[in-house]
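Quick notes on the structure that follows.
Should a chain be cited, it is by its letter among A, B, C, D, E, F, G and H, assigned in written order, with residues numbered from 1 in that chain.
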Amino acid sequence: MDRPFVDLGFARVDTDREARQGAPEAIFAEGKSPEEIAGIAEALLAAGASSVLLTRADAPARAALRTVAPDAQEDERARLAWVARGVPEPAGLVAIVSGGTSDGAVVREAQVRAELLGTEVIVHRDAGVAGIHRLEPALEDLRRADCVVVVAGWDAALASVVGGLVAAPVIGVPTSTGYGATFGGVSALLSMLTSCAAGVAVVNIDDGFGAGTIAARIARAAAGATRAGGGGA
Amino acid sequence: MDRPFVDLGFARVDTDREARQGAPEAIFAEGKSPEEIAGIAEALLAAGASSVLLTRADAPARAALRTVAPDAQEDERARLAWVARGVPEPAGLVAIVSGGTSDGAVVREAQVRAELLGTEVIVHRDAGVAGIHRLEPALEDLRRADCVVVVAGWDAALASVVGGLVAAPVIGVPTSTGYGATFGGVSALLSMLTSCAAGVAVVNIDDGFGAGTIAARIARAAAGATRAGGGGA
Amino acid sequence: MDRPFVDLGFARVDTDREARQGAPEAIFAEGKSPEEIAGIAEALLAAGASSVLLTRADAPARAALRTVAPDAQEDERARLAWVARGVPEPAGLVAIVSGGTSDGAVVREAQVRAELLGTEVIVHRDAGVAGIHRLEPALEDLRRADCVVVVAGWDAALASVVGGLVAAPVIGVPTSTGYGATFGGVSALLSMLTSCAAGVAVVNIDDGFGAGTIAARIARAAAGATRAGGGGA
Amino acid sequence: MDRPFVDLGFARVDTDREARQGAPEAIFAEGKSPEEIAGIAEALLAAGASSVLLTRADAPARAALRTVAPDAQEDERARLAWVARGVPEPAGLVAIVSGGTSDGAVVREAQVRAELLGTEVIVHRDAGVAGIHRLEPALEDLRRADCVVVVAGWDAALASVVGGLVAAPVIGVPTSTGYGATFGGVSALLSMLTSCAAGVAVVNIDDGFGAGTIAARIARAAAGATRAGGGGA
Amino acid sequence: MDRPFVDLGFARVDTDREARQGAPEAIFAEGKSPEEIAGIAEALLAAGASSVLLTRADAPARAALRTVAPDAQEDERARLAWVARGVPEPAGLVAIVSGGTSDGAVVREAQVRAELLGTEVIVHRDAGVAGIHRLEPALEDLRRADCVVVVAGWDAALASVVGGLVAAPVIGVPTSTGYGATFGGVSALLSMLTSCAAGVAVVNIDDGFGAGTIAARIARAAAGATRAGGGGA
Amino acid sequence: MDRPFVDLGFARVDTDREARQGAPEAIFAEGKSPEEIAGIAEALLAAGASSVLLTRADAPARAALRTVAPDAQEDERARLAWVARGVPEPAGLVAIVSGGTSDGAVVREAQVRAELLGTEVIVHRDAGVAGIHRLEPALEDLRRADCVVVVAGWDAALASVVGGLVAAPVIGVPTSTGYGATFGGVSALLSMLTSCAAGVAVVNIDDGFGAGTIAARIARAAAGATRAGGGGA
Amino acid sequence: MDRPFVDLGFARVDTDREARQGAPEAIFAEGKSPEEIAGIAEALLAAGASSVLLTRADAPARAALRTVAPDAQEDERARLAWVARGVPEPAGLVAIVSGGTSDGAVVREAQVRAELLGTEVIVHRDAGVAGIHRLEPALEDLRRADCVVVVAGWDAALASVVGGLVAAPVIGVPTSTGYGATFGGVSALLSMLTSCAAGVAVVNIDDGFGAGTIAARIARAAAGATRAGGGGA
Amino acid sequence: MDRPFVDLGFARVDTDREARQGAPEAIFAEGKSPEEIAGIAEALLAAGASSVLLTRADAPARAALRTVAPDAQEDERARLAWVARGVPEPAGLVAIVSGGTSDGAVVREAQVRAELLGTEVIVHRDAGVAGIHRLEPALEDLRRADCVVVVAGWDAALASVVGGLVAAPVIGVPTSTGYGATFGGVSALLSMLTSCAAGVAVVNIDDGFGAGTIAARIARAAAGATRAGGGGA
C-alpha cells in the first residue's frame, strides 16, 4: 500500500488514483468549503490529473474551481464544473438513453464523466416507454454501443425494455424525478434492481457520475484500449 | 342504512351487497375456521347469492365449502374454491396479461372473479418486457378489451408498456413473484403506482380478486350492462 | 411501432398519443426549463392536440405556456395551466368526493384533467368519515356516477366507506395532507390499497392527473362514447 | 423505589404491580421455557395476584400454567391461558367492535384481559365498513360504553368511522389480518394513528392485551371504581 | 345519519360534532387559505361552538381567525390560535409530563385542547429519564391525575417509565424532536407503541391535539362529568 | 418486433433471446410446476439453446430438468441445475471474490452462469475486510481480470475496498448473509449502492445469475469476442 | 499486510486475528456446512487459538465442533458451542442487565464471549423499566462495572435509564423479543440509537457476540490488562 | 433518587449529572429559544459545571451562550459553542478517523466533546477506503489509541476496515454525507451496525457528541483515571 497521496490536513488527495484505476479522483462539492474545493483541485492538477470533475456544485463551489483553473467549464443545471487537460483519446462508444426530459441533469453528469475518461458518448433523451415507438430511432445506436446507460425516474420501466433488446452491458441510473410514491428515486431504484431483463446493473439514485465511470471503463476495454493499474500492490 | 345482513355471531354476512353493488360478498379464508367458512357460505347461498368465492383457501377451507355446496369448484394452486349458481350473462371483455409463468395463481384469481361477476375474460400469459416481441400477438386482444388487467412481479415494467399502448382503462396487479429487492411485491407495487403511462390504477399485491372485481365493473358498464345499486340510501 | 413523434432534442413529443389512446400527452413541469415547456406545448398544439395540460407548474412554468398559447387558463393553488382547443363533447359522469378542504388542489387537478378528456365532473368536498353524515347528500351523485374518484389524506378511510356503498368503479387518490405518521401520503396510500371494500383501485399520492385520466376513460366508455386506439400496431 | 418483587434468577417477578397499578403482571410466553412460565405464575399466585394471564402461549406453555394452577382456563385459537382467583367486581362497560371474523383472536385477548381486570365487556364482531349498515345495531352499545375498543386489520377504516360517532374514548388495535400491502398490520396501524377522527389512541399491532388493560382502566374510572396506586413513591 | 352540518362549498362544517361527541370540530390550518379558515371558524361560532381551535397555523392563518373572532388568543411557537366562548366547567385532572424542553410546542397544544374541552391540566416539563431523579417531584401529580399524557421525542423511554409507575391511563405523544435515527419521530412512536408497560396508548407524532382530546374525555368521565352523545343515530 | 418465440400457453419461450442478446433465457423455478419447467426447458433445447440454466430450484424442479435432459448437471446447495450443450469458447476473465464462506451459494450461481456464457472464471472465497490481509493473495487475479464480481453480505465493505484497488469494472452482489440489521441483504445492498469507490454497479440481492450475465458480457467484449445482436429491430 | 492466514479453499482462516486484536476469529454457523465448520475450527485450534466460539449453531453445527474438539461445551437455547483452551486471566468487570426473561439467549451469548476473552461477567436478568424498582438491587454492580451491557427488546427503554445512572461506558444490544411494531428488533434498535442518555453505543440486533467483544476490550483496558496489537502493519 | 436538579419551569437542569456520571449535561439547541438556552447554561455554570457544550446551534443560539458566558468559544460550521472552565486533566488517547472531508463537522463535534471531558484527541481526516493506502500513515495512531472513533458517510466501509486492524474498542459514527440511497445516513448506519469486524459499536447518525462522550469514558478508564459515580443511589 505504498502509493502516493497529498495530505492537505482537511483532505488526503488520492493523486495515485488515475495511475491505479485509470480515472482521476473527482470532488463531491457538498459539505466542502470553497477553500477546500480549490485546495483539492489544485493538488490534483499539480499532480498531473488528466481532468478534474466537481459534482453537486453550487455557484460558489464552481467559482472556487475557476480560481485555480481558469480553463474550467461548467453546467449550471447539472451542478457540474470540470477541467479537461489531458483527456485520453476517445475509445469505445457509450450510449445514454433517458426516460424523460426532466432527467436531463443526470444524463449530463454521466456524459461529462464518460467523455473525460476518454469515450465517445451519444445521447437519446426522452424515450420513455409510455410512448415506446419513440425508442425505435435510438435502437441502432443502442445496439452498436459498447455500453448502454439508461437514466430514468418514475417506474424506470425503460431499463427492462432496453435490457431486453440489446446485447451490450446495461447500467441503470435511477433518478429522483417524480413525486409521491417515487420516494425520491426509490421506486426507480427498486425497479431497476429487479429488472426482469438479465444483464442490468445499477448505480445510486441520480448518480450520473458513477454510471459514467463504469460505462467508460466497459466501453474502453471493449474497444481494446489499454487499461490502467498494471502495477503491483 | 336500513339494509339487510345475517348475524351469525362470529360474522355479519352482508347479504345486501349484491343488490347494492352488483357483486356478492366473497370469503377471505385466512383466520377463519372451516366451520365459520361453511356458515358464511351457507348464509350467502341461502340469501340467493349468484356466486360464492373463497380466496386464500387451503385444503380444509375448500373442503368446508364443499360440505355446504357440493357443486363447488376449486383451483388448488390459486387456493380458490367457488360456487356459481346464477352468474349474470357475460357482458364486456376483460383482457388479462401477465409478466411471467410464475404469476399464474394471481391471474387465475382475477379471471375467476371477473367471470363470476358476468364478464368474458381472455388471458395472455408470460408476455414480460424482457422479450417484448412476445407482447405483439396479444396487442389486438388488449386493444379490443374494455378493461386490461396487467399482472406482474419483479419490476412490473409491463404495466407501463401496456399502459402506453392501449386506450382502455388499465388495472395493475403487482405480484410477490421474485426475491431480494422485490420485497414481496413492493417493487412491483411502487413501479405500477408511479407508471409513466397515465391511466393505470393499481390494487393490492397479489390481489387478483380486487382486480377482477373492478375490471368486471368497468367492462360490464362499457358493454352497456345495467348496474346494481339503483336504490336509495 | 411506426407511429409519429416530434423530436426536439431535449424531448420526443408523443404527438401520436391522442390518436392511440384518446388522451393527449401532458407536461410534467418539474425539472423542465420554461423554454422546454414552451417547446413541448408548441409541438403538441401544432400537432392538433385537443388540449394541453401542464401539471406541478410554478409561476414561470405557467407563464411559459401562455407565451405559446395566450388562451391558456390556470389555477395557481393547484399549480396547473391548460389550453383547451378541441375538448370532446362530454360523455359520462365522474363524481369526485374528497375527505377534507385541504385536499382541494388534488381534487382540482383530477377535475380539470377529466373535463379536458371530455367528461362531466361533479365535486363533493370535505365529506370525511369523522362526520360521516356529511356524506349523505353526496350519495345520490355518487350512485349515479359512472366512476367515483375518492381523494383523501390522513387515513383515507373515506375510500372504504364509499367503496362499500356504490356499484361504480372507485379510483382512490391518496393525498399528502397531514403530518407525522401520514408520512407524506403513505398512510393514505396503504389504506386505500388494502381497502376492505372490493373494487377500489389506486393511483399515486397526490396524482389527480392520473385519476382524472382513468376516470374519464371509464366514464366515457360507460356512456357509450367511441374509444381511440382502433388502429393496429 | 422500595417496593417488593420476587427474584427467581431468570426473572424478577413484579409482585407489587397490582398494588401499584391495579393490574397484575402478565406473562408473555414467547422466548420462555415451560419451567420459567410455571415459576413466574407460581410466584404471582403465591403473592396473591387476582389473576394470571399468559399470552402468545402455545400448547406446552399453556400446559405449564395448568401444572401450577389446575383451575386455569384457556383459549387455543387466541393462544391464551389464565387463572382467575380474585377478579374485582365488574365496574364500567367496555365495548369491543371488530372489522372482520378473522380478527377473532385479538378480540378475545382484549376481552379476557379487560374482564380479568374487573370490567363488563360486550363484543360486536365483523362490523367492517365495507358494509357499513352492519354497524347500525352496534351503535347503541358503542354509545353507552365507557370505552370503545376497535379491532381491525386491512385499512382499519372502522376506527375513524366509530371515532366519529361516539363520545367515549376509543382505543384502536390494528391487526395483522390481510396480505400484501397490509405489511403485517402496518397499514392498519398507520391508518389508526392518522385517523381523521380526534380522540382515538392506538396500541401495538395485535395487542389485545394492551387494549384490554387501558380500556379497563378507563371504564372502571368512569364508573367510579377506586383506583390502585394511592401510595407514595 | 340525519344530523346537521353547514355546507360552504369548500367545506362541510360538522356543526353537530359537539352535540354528538362533546368536542367541537377543530381546524387544521395547513392546506387551507385564510379565507377558508375564516369561513369555517365563522360557521362554527355561529352554530354555538364552545370553542374553536386552529392548529398548525402560521401567522396569516392566525390572523384570519382574529378577523372573525377578535377575542381569539394565540401561541406563536405552538402555531395555535383559539377562541374560548363557552368552555365547560373543568372536571377531572390531566397531567402532562414531557421528556425535554424542546417538546414544548406539543405540550402546549395538548394543554390548550384539554382545557378547552373542560379539564384541569397540570404540566411537568423536561423530566426525561437521562436524569430520572427529575421525575420524582412530578410523581405525586402523576399519581393523582385521571389521565397522564407523556410527550417525548428521541427514544421516548419516559413513556415506559411513567407507564410502570401510575395506575391511570397513559396517552403517549411521540414528538419529532431529535435528528438522525429519530426519523422525524418514528423512533419515539415505535418505542411508545411497544412500551414494556401495559396500559399505554399512543397518538400520532406531534399530535398534541389528539392527546388533549382523548385525555380530556377520559378525565372528565373519571370525574363523573356528563358525556355528550346521548342521542340516537 | 417480428422475432420468434414458442407459445406453450403457460409460457411464451423467448427462443430468440440468444440470437438477440448472446445469452439464452434462463428458468426461474419458483412458482413454476415441474411440468412447466420441463416444458420450457424442452422448448429452449429444441430451439438450439447453447445452455439452459435453472435457478432457485428445489429437488423436484431439478429432477424435472433431468427428465428432458439426462445430461443435466446440478448443485444442490446453490439450488441450480443446468444443461451445457454448445457453450461458446471461453473469452475474457471474470474474477469473483466473496466476503465469507456463507456466501458460497451465490458465488456458485454467478460462476456457473458466467461459464455457460463463455468466460473463464476464477474464484477467491472469504476475503472479507475484517482481516484485510487475506485479500492480498487475490489482488493479482483481481487486477488482471476483465470484470470483478464482489459477493458480500453483512456490510459488504469489501465492494468499496476492491472498488478502490482495481481498474476493471466491478459488479457488486449483495447477499442475504447475516441477521438483525442486515435486513435480508438490504444493508449490503445500500452499502454497495453508495460505495465510496466509483465504478461499482450493483445487482439484486443474492442475484448471482444477474451478476454472471453482465460480467460475462463485459469480459467477453474486453477480450474481443464477437457480440450477438448485430441484426436490426 | 503481510500477516498469516490459513487457506482452506472455502475459507481463509484469519489465524492472525488474536495476535492482532486480542480476540480470536469466531465462527458464524449459518450458511456453513458441518464439514466447513469443523475445518475452520480445526485450523483455528491448530494455530493456537485461546478459544473457539461457534454462534447461531443448530445441533449438527454444534456436533461438528465436537468432532474436532471433544472438550467443546454448548448452550442449546443460545445456539452456542465453544472450546476454551487458553482463556486469559480475567481482568475487568462487565455487568450485563436485561429487560426480560425472554432475552436470555442473547444475554448468554454476550456472557460467554466476554468470559472467553478474559473478563469477569456478572448478570442481572429481567430488570425492565415496567417495574423500575427491580433495577435497584442491580445498581451497585452496574456502578462498579468497567462496562455495562444492556440487553433489551420491545422499546428497550432500559438502555436510557441505565445510561443515565452509571458512569461507565454502556453498550446496548437490542433484541428481537416482541411482536407487531417491534419489527424484529427495529424498535429496540432505534430506541437505543436515539437514547436520551449520552454515552450509549449500540451493536446489531441480537448481537450478544459483538457486545461481548467490545465490552471485554473496554473492561480489560480499564483494569490495566495489556492489549494485543502492539506490532506494526 | 434524592439527587439535585434546578427547576427553571421550562427545564429541569440536571446539575447532578457530572457528579453522577463524570460528564456535565449538554444543551441540544434545536427547539429551544435563546432565552431558554441562556437560562440552562447559566444554571449549569452556577452549579459548577466543568464545561457547557451547546450542539446543533445556529447563530442566535450561540449568541445566547455568549450572553451568559463571554468566554464561550464556537465553531460555526459544526454548529457548536462551548464554555470550558474546569476541564479535567487529559487522560487517555482518542483517535478519530474520518472517511471524507465532508464529514468535518461531525468530527469536530466528537473532538470538542471528548476534549471537554478530559481526553487527548488526535484526528485523521479523509482516509476513506476508496484509496485505502491513505489509511497507512494513520495506523500507528489508531493502534496506540485507547479508543478509536470512525466517522463516515456513504457506505461507511471504513468502520470495518479499521475494526479489523486495531485492538482498541471502535465507536462508529455514521454521517448523513451523500445523496440518493444514502438516505440521510441510513446506509452508513446499517453498514456500521452489521460490520463484519467484531468490536464495533455505533451511535446515532451525525452524533459526534455521543461518540465523544463514550470514547472519552473508555479512554480515561484505560488510562487509569478515576471515574465519577462512586456514590450510592
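Assume a residue touches a chain if its C-beta (ideal position, glycine included) is under 8 Å from a C-beta of that chain, and two chains touch if they have at least 3 such contacts.
Since this is a predicted model, take the numbers as computed values, not measurements.
Listed by label, the chains touching chain C and chain D alike are B, E. Steps from chain A to chain D, taking the shortest chain of touch contacts, total 2.
Fitting chain A to chain F on Cα positions gives a rotation angle of 180°, stated in steps of 5. Counting every residue number used by either copy at the chain F-chain G contact, under half are found in both chains.
Averaging C-alpha coordinates per chain and comparing to chain G, the farthest chain turns out to be C.
Centre to centre, using the average C-alpha position, chain B and chain C are separated by 25 Å.
If you average the Cα atoms of chain B and of chain E, the two centres end up 43 Å apart. For this pair, chain B with chain D, the centres built from the Cα atoms lie 36 Å apart. Shared contact sites, meaning residues of chain A that touch two or more other chains, fall at 1, 100, 130-132, 136, 164-165, 180-182, 189, 193-194, 198, 204.
On the side of chain H, the complex with chain F involves touching residues 99-100, 128-132, 154-157, 159-161, 163-165, 178, 180-183, 186-188, 190-198.
Note for the complex: chain G touches chain D at residues 77, 100-105, 125-127, 130-137, 177, 179-182. The touching residues of chain H, when paired with chain G in their complex, are 20-23, 26, 136, 139-140, 143, 146, 164-171, 189, 193-194, 198-204, 209-211, 213-214, 217-218, 221-222, 224, 227-230, 232-233. Contact residues on chain H toward chain E in their complex (touch as defined above): 1-3, 5, 7, 9-12, 14, 16-17, 25, 28, 30-33, 36, 40, 56, 176, 184-186, 189, 204-207.
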